[in-house]
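What follows is a single structure, written as structure tokens, with notes after it.
Labels A, B, C and D are assigned to the chains in the order they are written; within every chain, residues are numbered from 1.
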Amino acid sequence: MATVVDSSDPKSNYPIQYRELNYLNCSKGWKSWFFTLDHKRIGIMYLMGVTVSFFLGGLFAMLLRTELLSPAKILMGPDTYNQMFTLHGAIMTFLVIIPGVPAAIGNIILPVMLGAKDVAFPRMNLGSFYLWMFGATFFLAALVIGGLDTGWTFYTPYSVRENNASIIAALLGVFVLGFSSIFTGLNFIVTIHTMRPPGMTWFKMPLFLWALYATALIQILATPVLGITGLLLIVENVFRIGIFDPSLGGDPVLFQHFFWFYSHPAVYVMILPAMGVISEVIAVHSRKHIFGYRFIAYSSIAIAIFGFLVWGHHMFVSGQSKVVAVIFSAITFSVSIPSAIKVFNWLTTMYKGSIRFTTAMCYGLSFLFIFAIGGLTGLFLATLATDVHLHDTYFVVAHFHYVMMGSSLMGLFAAVHHWWPKISGKMFSEFWGRIACLGVFLGFNLTFFPQFMLGTRGMPRRYYTYLPEFQELHVLSSMGAYLLGISSALMVATLVYSIYRGKKAPANPWGGASLEWQCSSPPPHNNFDHPPLAGDPYVMESVVYNEEIGGFVPAECQGDNNGSGTAAGEKEV
Amino acid sequence: MNTAATTPTDEHADSHDHEHHDPRLAHHFDSHQQQFDTGKLGIWLFLVTEVLFFSGLFGFYAVYRSLHPEVFLYASQFLDTVLGAANTIVLLFSSLTMAWGVRCAQLGQTKGLLTCLVITLACAAIFLGVKSFEYTEKAHHGLLWAGMYQSPEHHEAAAVPAAAGAVESGDHGAAHADDHSDDALFEKTKHTLSYMTTVLWAVILLSGIGLAALFKNPNQKTMAAVLGCVLISAIGLQLGAYASIGYHHFGHAAEPTAQEIEMAETVPAEYAKQKEKIPEPKLAGTFFSVYFCMTGLHAIHIIGGMIAISWLIVRTVHGAFTTYYFGAVDFIGLYWHLVDLIWIYLFPLLYLIN
Amino acid sequence: MQMKLFIPNLLANDEAGFWFPPQGSTVAESVDSVYFFILYVCTFFFVLIVGLMVLFMIKYRHRPGVEAQKTATHNLTLELSWSVIPTLLTIVMFWVGFTSYLDMRTPPSSAYEIDVVAKKWVWAFKYPNGWIESELHVPKGENVTLTMASDDVLHSLWVPAFRTKMDVVPGRYTQLWFNATKAGEYHLMCAEYCGQKHSQMITKVVVHETRGDFDKWLKIASDIHKNKTPVEAGEYFYKTRGCIQCHTLDGIPKNGPSFKGLFGKERKFTDGSSVVADANYIRTSILEPQAKIVNGFRPIMPTFKGQLTDEDITAIIAFIKSQK
Amino acid sequence: MSDHAESDSHAENPQSCHVHIVPVKVLVGVFLALVALTVLTVEAAKFDVGSADVIVSMAIATVKASLVVFIFMHLWYDKPVNKIAFFFSIVFAAFFLCMILLDSHAYDDYVQGYQQDKAPAVTAPAAPAPVPAPTPEAPEPAKK
């Protein structure tokens, strides 16, 4: 049986804060990791995989931005450039953002937050990770074979050709990764439905879980269509079945319908979990009950459902018929409403709070800023008349980076910093964390804001070279990209450093009231031995700061010790 | 002591962990009911993904059929309705035995369960056998997907010089004519079919080996069960294949007219029989693209189902299922019914176009 | 449309603004006004959101001894107001976007019709008299409809100054119309990724002041053999009809042999025969490219039968001859 | 219909699992009905009822599918959440189908027009008309 060590102070009736024997070291050897069924370890492996992929995709981005410093050739020729943006897109989408928050952070946090011992199907969970690895291998194969220059969208008939080994490899990768995503989503839905401990009702679930639930719905309902699309495109490439290839009577516009039926909802797979993270982070670090809980929860579900009905707005100039374009434009606006509701609720949550600018909160606030721009610029693209001009320009590039890269990754970074003490049991340097956050925020905006102007002024996307008048903005953008790259590296360095040199983390460093803060940092193998008692996850008054421990403890414990249950802690951040 | 202090009030030592000695209950579940409900929701969600997976293909079908009805009208005549209907009934029967098997499992009737599963497996194999005959026959007539499609009228046109060549008994001409004589086509189909069933045999065998390797500490009983499954699958496959080739040969060779024989040499008999032919539309190959994609993907699901059923058989032999632990049978049953369900739609959509 | 009032004053003239290139077509004005309408709404909301955020960040920052105050955790009126007001605004946005989209996508019944064929990575504009040109010439103030088709992959025709764009899809037509309002030259580019030289698939739109100017241009252009020397005409065809995609002038072979020093050289074919490249050989190669394949190349060249007249081919031969 | 509330299960013996068990009679009955419907649909297909053909065969298939789903797959007796899940998959698939059908029909004129233009020795009108329904008397279209 595990030996429990309370690192803070052995005397008290405080809950155990730091646990020497935890899920990270309860068993040793590579087998204990590679064949683990523990959702937390699987999540850690995902997190590492996602980080590696992020830096690979980021490296491609740096190289692309370097090439775009000048219209002339700097590093690479057009073919290499085309392959690089394809891989940048494919890796960032399928290997980083889609599994980022749900599979990595969600896996670690969801069962703990829910009060369950594990996800419903631990084996399938591990299988999903191996599918991810397998899919990533296919992508690497495509990289090694070379010649994958279709763009991550694989539009036909460009993606149907003679010499197609790398296309097939990449499509197989997409197919496999799709199943990885489906398994994660399936696991989450079933876990949330059937593994809730007594007392954890639907409306006592933290909003992060609602967001993950909505995400999982999309993963289950949309990803199979991507699977069949990828499969059919492979078959088209191998056998020439003539359903996408116009030379055999196929229809390229139909391919785009198939592709976007998944890939538009996939955008919400990327952003919804990030929104869930922000709901947690803003409430906890403002020490306030979340405002409009039900509206935020329902808006997650609404986004998931509306997200399915709007894929056609990627195709306003594709040769799609007018009537369908109008229908899709109309429905597209409906998605903006739940997003607006969330943003206003977050703002109101901060009202009269006690806002601490921890690194996680800094990322959360950056998210608000970036998501405001990303979301609002979406309106230009949902509007038919303006989209015709803006489609396939840098405006679109900027918009989706603001949403997918800016917002989703800000969400991921916020999540990593918010739950890092829980995951690793160590506190990272808030100073360096905030420096990195500032760098990421400035770098990001410097990279992508000029691209809005590039787009409206007439710079199409996926251009290797460009008209000379665009150079200034491109240089600005590249400078931002370098800053962004360096800052992300600094962020990871800060976190990794904390593993070796960080202070031991208390169970509840930020003062969250949801269940994951009730178990020690890091959690034991089984999370909870008895089903924990779930209360309202946003009653921040239920925990108070304790200086001895350096973290928050339940109010009733504090009362037992020194009777000052209301004094706010001098939280050094 | 492994007590996580989840809340400070949880002082008493709870011995929850010690209840989990039941090997049939995973550690993270509290009861069999919870385990079963969890699995059930899981499999239903999986079926949801399957439905959407196939919806892509049905989407294609709908688009192409509604835009080019003439293609479907023309091309579906090359599919043998009798074989399709027979296969439908075989699959329906397997669904019945599967449902019956689930019932047996729920009641704890191990023998009944085993019988039902074996029949289901055999039916699945028969279905595959018939399907492999159909594929072989299509391939011989050049009725393949759009990229490989050869018009039957092309055959017809080619048949005349080929026949002339045969009369002149040139080397090449003779070989060509030989290919197209009725008996030769039958032999050729039979030959290719046995080749195809051999491949499927290999697939079954490999799956069997893979399946056997999955079991921890396999014993003789396991091996025997796996071997049994492989044999049932292989025999069922042969049965289906040769029953359909027999049907095809004798069904059509009965009192053929001279003209029919001539036509049958080069084009499918069904087509040859028609007095007034529907002109061949453009894109006729697209129908076969759709046909092969839909039935091919369905066949892959059948193979997957056969592997799963074999796994159930092995576990049944070991007496793994009881009245409170039968989830696996139920879940695989649900999957099997869905495969059946898809075929219920595929059959009229592909075979019954008038 | 009364939408014009949304365009800021500094953009009311035709000069390039901060956001957009100068307006060159009738729809540009309504597109810009929709854009600026949305921009104003968005700016308002952005300032509101970020302003409140910064205000709260300063006012409610954590201070020792000051706890967060308990406030209401929900308020239906607030929730409804920030659901309903944006909804109404988006309905307006949809409506204005929708109406100008219809204008943009409904070709007028009488229009000057030009056929467009896009292929990797050139545009070919076919005028009603059959003349094919790689630049788009149109008269000012006249409706022009482009009927577009692609020979290979997806392309997209975009004229930023006209604020209009349409994909060119293989296997079908797509249509686009505009009415240019200002004479001059504009960029026309491919906006849908189409491979290696996607970024070089840029050409010009030349808007002629009057229909007379345009007709005059077309007449001169069509009479290429009268107005240019054969070598010049050949060079023109070389550049505009796709030869340049596969045949270089610098001696480095691409998909096809280079034209440099080609004339008079012996050509060896895949079937073992060989011939000296003379005028006859070149003519055959253009009309029946699959008949003889030079060693080391694939049989991928399409035939130009019906696309080039005898005179055109003579000019091309003269041009190849001039590439020593 | 679902014979279990979740709360029951916690209170009861963990070694029990309550589900609805379908009687053999019902199973066999359903199978016979399915076979009968299969025969019916094959026979129905022999009558030429024009475009109603698809509707008839799909209606029969849907009846068959419902029998399988509700009886063989126990959905009738199952928890509401499973019913809803299955129902939603159908709804989303149907929406997807409707939109691609609507769109592909709306732009089909452009495809048909192009194909008529490309067909040798056939000049299509500038504004392409929808393709006429195929008639058996129509001349054989050019191949390849």
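Definition applied: a contact is a pair of C-beta atoms (placed from the backbone, for glycine too) under 8 Å apart; a residue touches a chain by one contact, two chains touch by 3 or more.
Model, not experiment: these values are computed from the prediction.
Any chain that touches chain A and also touches chain C is listed here: D. A centroid comparison over C-alpha atoms places C as the chain most distant from chain D.
The interface with the greater number of C-beta contacts, when C-D is set against A-D, is A-D. A straight line joining the Cα centres of chain A and chain B is 39 Å long. Chain D has its Cα centroid 36 Å from the Cα centroid of chain A. Our note on geometry: chain B versus chain C, Cα centroid distance of 49 Å, whole angstroms.
Multi-chain contact residues of chain C, defined as those touching 2 or more other chains: 171-172, 174. Residue positions of chain B touching 2 or more other chains, listed in rising order: 34, 37, 41, 45, 48-49, 51-52, 55, 59, 63, 282.
Touching two or more other chains at once are residues 193, 221, 225, 249-251, 253-254, 258, 319, 322 of chain A. If you sketch which chains touch which, the pattern fits none of the simple shapes: not an open path, not a single ring, not a star, and not all-to-all.
You'll find the chains touch as A-B, A-C, A-D, B-D, C-D. Of all the residues in chain D, the ones that touch chain A in their complex are 10, 81, 88-89, 92, 95-96, 99-100, 102-104, 106-107, 110-111. Interface of chain C with chain D (complex): residues 113, 147, 149, 171-175. Looking at the complex, you find that chain C touches chain A at residues 16, 18-21, 27, 30-31, 34-35, 38-39, 41-42, 45-46, 49-50, 52-53, 56-57, 60-75, 78-79, 82-83, 86-87, 90-91, 93-94, 96-102, 104-106, 152-154, 156, 158, 160-161, 163-167, 169-172, 174, 187, 189-200, 202. By the touch criterion given at the top, residues 1-4, 13-16, 116-118, 120-122, 124, 182, 186-187, 189-190, 193-195, 220-225, 227-229, 231-232, 235, 239-243, 248-251, 254, 258, 515, 518-520, 523-530, 532-533, 554, 556-557 of chain A touch chain B in their complex. Residues 107, 110-111, 113-115, 126, 128 of chain D touch chain C in their complex.
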